[in-house]
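Before I ask anything, here is the structure I am working with.
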Amino acid sequence: MWIKKCWILVAILLLSLPIYGTGLRSLDDFPFSLGVKDSLMIAHSFHGHPSFGPAGGLHGATYTCDVDFLSKQLHPELNWVIDIGKALDILSKVLSRYNLKNLDEVFPDNTMTTTEFMCKQIHDDICRLLEDECKEFKGAVRVKLWESHKAWATYTGITSSDETRSEL
Amino acid sequence: MWIKKCWILVAILLLSLPIYGTGLRSLDDFPFSLGVKDSLMIAHSFHGHPSFGPAGGLHGATYTCDVDFLSKQLHPELNWVIDIGKALDILSKVLSRYNLKNLDEVFPDNTMTTTEFMCKQIHDDICRLLEDECKEFKGAVRVKLWESHKAWATYTGITSSDETRSEL
Amino acid sequence: MWIKKCWILVAILLLSLPIYGTGLRSLDDFPFSLGVKDSLMIAHSFHGHPSFGPAGGLHGATYTCDVDFLSKQLHPELNWVIDIGKALDILSKVLSRYNLKNLDEVFPDNTMTTTEFMCKQIHDDICRLLEDECKEFKGAVRVKLWESHKAWATYTGITSSDETRSEL
Amino acid sequence: MWIKKCWILVAILLLSLPIYGTGLRSLDDFPFSLGVKDSLMIAHSFHGHPSFGPAGGLHGATYTCDVDFLSKQLHPELNWVIDIGKALDILSKVLSRYNLKNLDEVFPDNTMTTTEFMCKQIHDDICRLLEDECKEFKGAVRVKLWESHKAWATYTGITSSDETRSEL
Amino acid sequence: MWIKKCWILVAILLLSLPIYGTGLRSLDDFPFSLGVKDSLMIAHSFHGHPSFGPAGGLHGATYTCDVDFLSKQLHPELNWVIDIGKALDILSKVLSRYNLKNLDEVFPDNTMTTTEFMCKQIHDDICRLLEDECKEFKGAVRVKLWESHKAWATYTGITSSDETRSEL
Amino acid sequence: MWIKKCWILVAILLLSLPIYGTGLRSLDDFPFSLGVKDSLMIAHSFHGHPSFGPAGGLHGATYTCDVDFLSKQLHPELNWVIDIGKALDILSKVLSRYNLKNLDEVFPDNTMTTTEFMCKQIHDDICRLLEDECKEFKGAVRVKLWESHKAWATYTGITSSDETRSEL
C-alpha cells in the first residue's frame, strides 16, 4: 500500500517538474541587468503597402538602441552582469550590419522592416554573438529601439534557454 | 487498480491546468511591444486631505504619457504589434477626455486622482477603445505617466484575458 | 477507499501550493508602480583588477537613481502606491550613505562596487528602511542607476516575501 | 565756427547710426522664446562623396526638430511670443515637405543634405510661412535637429530684418 | 588748430563710449554658466479668452524649470559661477511662491499666466533674491520652463545692469 | 578746409573700426552649429575647502559632455560646419586626458576642479586640437558638462579670434 502511494507521489512530482521548470524561464528570474546605448541610421520603405500610408515609400530612421542584458546573478568575483566593454563591442558589431544601409536591400522578399521587426533581428544577432564570444553570459536580452522622440519598440527574449535551465 | 491510478493522474492533470494556464497570463508571454508618447495638462486637488500636505489644494500637472502595447507575436504580414497610427489615435482620443480639464469635476465623490489612479484610468480607457476599434490586438497595455522630471507612475494590465487565453 | 483518495488529493493540493505560491511572487502581481529620481556622486576604483582595464584605478561616477515601488493594489482611500514624500525621503536617506563618498572606503575587502552591485545595495537598503518606516508598503522595488548617458544597471526584488505572501 | 562743429557732430552721429542699428539685430534683443518639438523621418545619401565615408551611400535619419521662436516682447494682452497652436501648425506644415521622403529627390543637383543644411532649410521655410500666416511675429527663429542621441545641428536667424528694425 | 582737433576727437570718443558700453551688456560677455533644475505644479486658466481655445478653462501644468546663471568669470579662488547650493536654494524659494497654487489667484486682474510670462516672473524673482542673498553674483539669468515633452519657453535677462557695467 | 574735414572723417572711421570689429566677435555671427556628445568619469575633491561642505572630500562624477561647434557658414561643397567624425575624434581625444582619472592628481596646487572649470579646460583643449588637426574650422566652441540630472555648466569661447577676424 505505501509503495503504491509513493509511486503516486513520484508521479505528481514528475508532472510538477515542468511547472517548476517554467518558473526558471520567467524574466523574474533575472533580477540584475546591465544596459548600454548606441544608434544606427537606416533607409527603408514598406514596399508601397497601403497599410503604411505615406510611410510605404522610401524614407529612413535613426534608431537609438538600448540593450539590457538580464542575469540571475552577478559574476562572483567581478560583481558584473557582463563585461560592459564586451557588451558595447557586441552591440556595435551587430548594429554595423544595418547602420548606414538600405534595409530593403539587407532583407530580401519585401520584408516589412518595422521597428518591432528590427528589435527581434538585433536581439537574435546579439544572442548569437553572445554564444560565440561571451559564452559565460546566461540570461535574457531586451532590445529597445527608439524611432523618434515619441515612438519606440522592444523585444525581450531568453538566451539559449536549454543551457540556461541546466546551468541554473 | 490501473483504472484507479488513471483517475488519480487525470485529477493531477486537471489540478495542474490552471497553473499551466496562469503561465499564459504572464507578461513574459508578450515579448514584443510598441510604444507611443503624448501628454495632457490637468488641474486637480486632493480635496484638502491632510495626507497630501500642500498638494491637498487646487493645483495641476502635465502628464507625459508613455503607452506600451505588448503582444505575443507580430502581425504575420505587416510585422507590427499594432498600427502605430491607430495606437496614436487611440491614445489621443483617451487623453482628450482629461486634457485641459479639472479632474475634480471629471471624477465625482472626492476621488483621489493620483498619478497612479490616472494610469489605471487611462489603461482601462485604452483597453475599451482597443476592443471597439482594434479587435485584432491581443496582449497587454502598460501606461506610464511622468508627473515631473523626477516622479512617475505606471499601470500594466492584460487586455481581455479570457479571449487572449483562448486566442493564444 | 474514498478516504484514501481524499488523502491523495490533499497530497496533490499540498504539493501544488508552492506552485500557486510562486505565482504570488511574480512581478506580474504588482501592476502598479510609483517612481522617483535622485542622484549621487561617488569615487571608487576596481582595485587595479586587470578585467576592468583603465577603470581599475581611482575614478568616480554620478549615478542618477530611478526607484520604482511596485504594488498589487492602490491604498483604498488615498489611491497611492506609497506616499511620494515618504518615497523621496527614504531614497534620500539611503543615497546619503554613499553620496560624496569613496566607495573603496565604504565597502572593505576590495569589493567590486560596480553599478550592478550598487543597484542591489541601494535596493536592499531601501527594503530595510521600508520595513522600519513604511510597514504598510508590500510589493517590489526596482533600482536603476544610470552611470552615463549610455550605460545603466538595474536590480529588482520583492520586499519581505514571506509577509507579502500571507498578506496577499 | 560753431556751425562747422555741429556739422562734424552730425557726421559722427550719422556714422554711428548703423552701429547702434546693428545692436537691434543682436539675438540679445530677443529675450523671450517659445519652443516646440516635432520629428521627421527621411532617406538620403551623400552621393558617394568620399569625405562622408560609409555615409556616402543611401541611408536615413529621424530628425527630432526643436524650434525656438525668439521675440523682443510678449503680446501685450495675451502674454505670448506666438500662438503655440500656430507655431505647431507651421512646424508641421514645414516638416511635411520632407517627412517620409528621399531628400536626394527633394533636393536636385547632388546637394549635400547634411543636418546643418536641413536646419537652415527648415528655418527659411518657417520664416516664409511666418510672413504669410503670422505677420505679427517679429524676431528670430532657431532650428535644432537631433540626428541621434549624440549628435545635432542648429541654425539661428532673424526674421525679415528690415521690417524688424523699423518695427522695433 | 590742434586744440580744436583734439576737442573733436574727444567728442568722438565720448559719443563712442555708449557703443563700447552696450558691448558690455551683451550675453557674449558672460561665457560661463552654471545651471540647475527643479519643477513646480500649478493650476491656471486663460480666463476663457477665445484665443486660447480649450485651454481657456481651468487646467494645470508641471513646469520643469532650468535656470542658467551666466557670468563673466569664475570666482578667483573657488572656480565657480555661483555656489550651487545657493543657486538651488534660491530656485527652490522662488518656485515655492507658485508651486501647488492656482495662478489665477496668485496673479489678479485676469493676467494671462502663459509659460512665457512665468519665465519672466521667475527670472525677476530670482534676480531680486540674488540681490538680497547673493550680492557677489553679477551676470545674467536664463529661465527655461518645459510645459510638456514638446513645448517650452525661456526668458533671459542681465542682472542689475548698472552695477554690472561699472563692476566689469 | 575740405582736406581738414576729410581728415576728421577718416579719424571718425578709424575710431569706429574696432566697434564694427567687435561685431565680428559676437556669437550672433555664428548662426550654424554642429554638436556631439560623449562622457567621462572622474574622481576629485575640493581639498576640504569649507565652502564646498561635504563635497570637500574625495568623491567623483560622470560628466556628460555636449560640445557645439559654431560657424559663420557651411563648407561650400560639403555643407557641413565640421566633419562630424573629426569632431567626435577631437572630443574623444580631449576627454581621454581626464577620463577615469583623479583630477586632484591631474591638476596640481589644490585647483578647484568645478564643473565650470572643467568646461573651460575642455574648451581650451578642443580649441588647441582644432588648430592642430582641423585648421579649416573657424568659429566658436561651446562646452556643456552635465554633472547630474539636475545640474550642469557651460563655457563658450571664440577660437583663434585674430585669424577669425581677418578670415571673415
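Order of writing sets the chain letters: A, B, C, D, E and F. Residues in each chain are counted from 1.
Throughout what follows, a residue touches a chain if its C-beta (ideal position, glycine included) is under 8 Å from a C-beta of that chain, and two chains touch if they have at least 3 such contacts.
For clarity, every value in this text was computed on a predicted model and none was experimentally measured.
Note on connectivity: the fewest steps through touching chains from subunit A to subunit F is 2.
Common neighbours of subunit B and subunit F under the contact definition above: C, E.
Remark: rotation between subunit A and subunit B after Cα superposition is 120° (nearest 5). Where the sister copies subunit C and subunit F meet, the same residue numbers recur on both sides for over half of the interface positions.
Centre-to-centre, using mean CA coordinates, subunit A is 23 Å away from subunit C. Averaged C-alpha coordinates give centres for subunit B and subunit E that are 42 Å from one another. Across the assembly, subunit C contributes residues 8, 12, 16, 19, 26-28, 37, 149-150 that each touch 2 or more other chains.
Only residues 37, 39, 41-44, 54-55, 57-64, 99-102, 146-150 of subunit F touch subunit C when the two sit together in their complex.
On the subunit F side of its complex with subunit D, the touching residues are 5, 8-9, 12-13, 16, 19-20, 23, 26-28, 31-38, 68, 74, 77-81, 83-85.
On the side of subunit F, the complex with subunit E involves touching residues 8, 11-12, 15-16, 19, 22, 25-28, 49, 51-53, 111-117, 119-120, 149-157.
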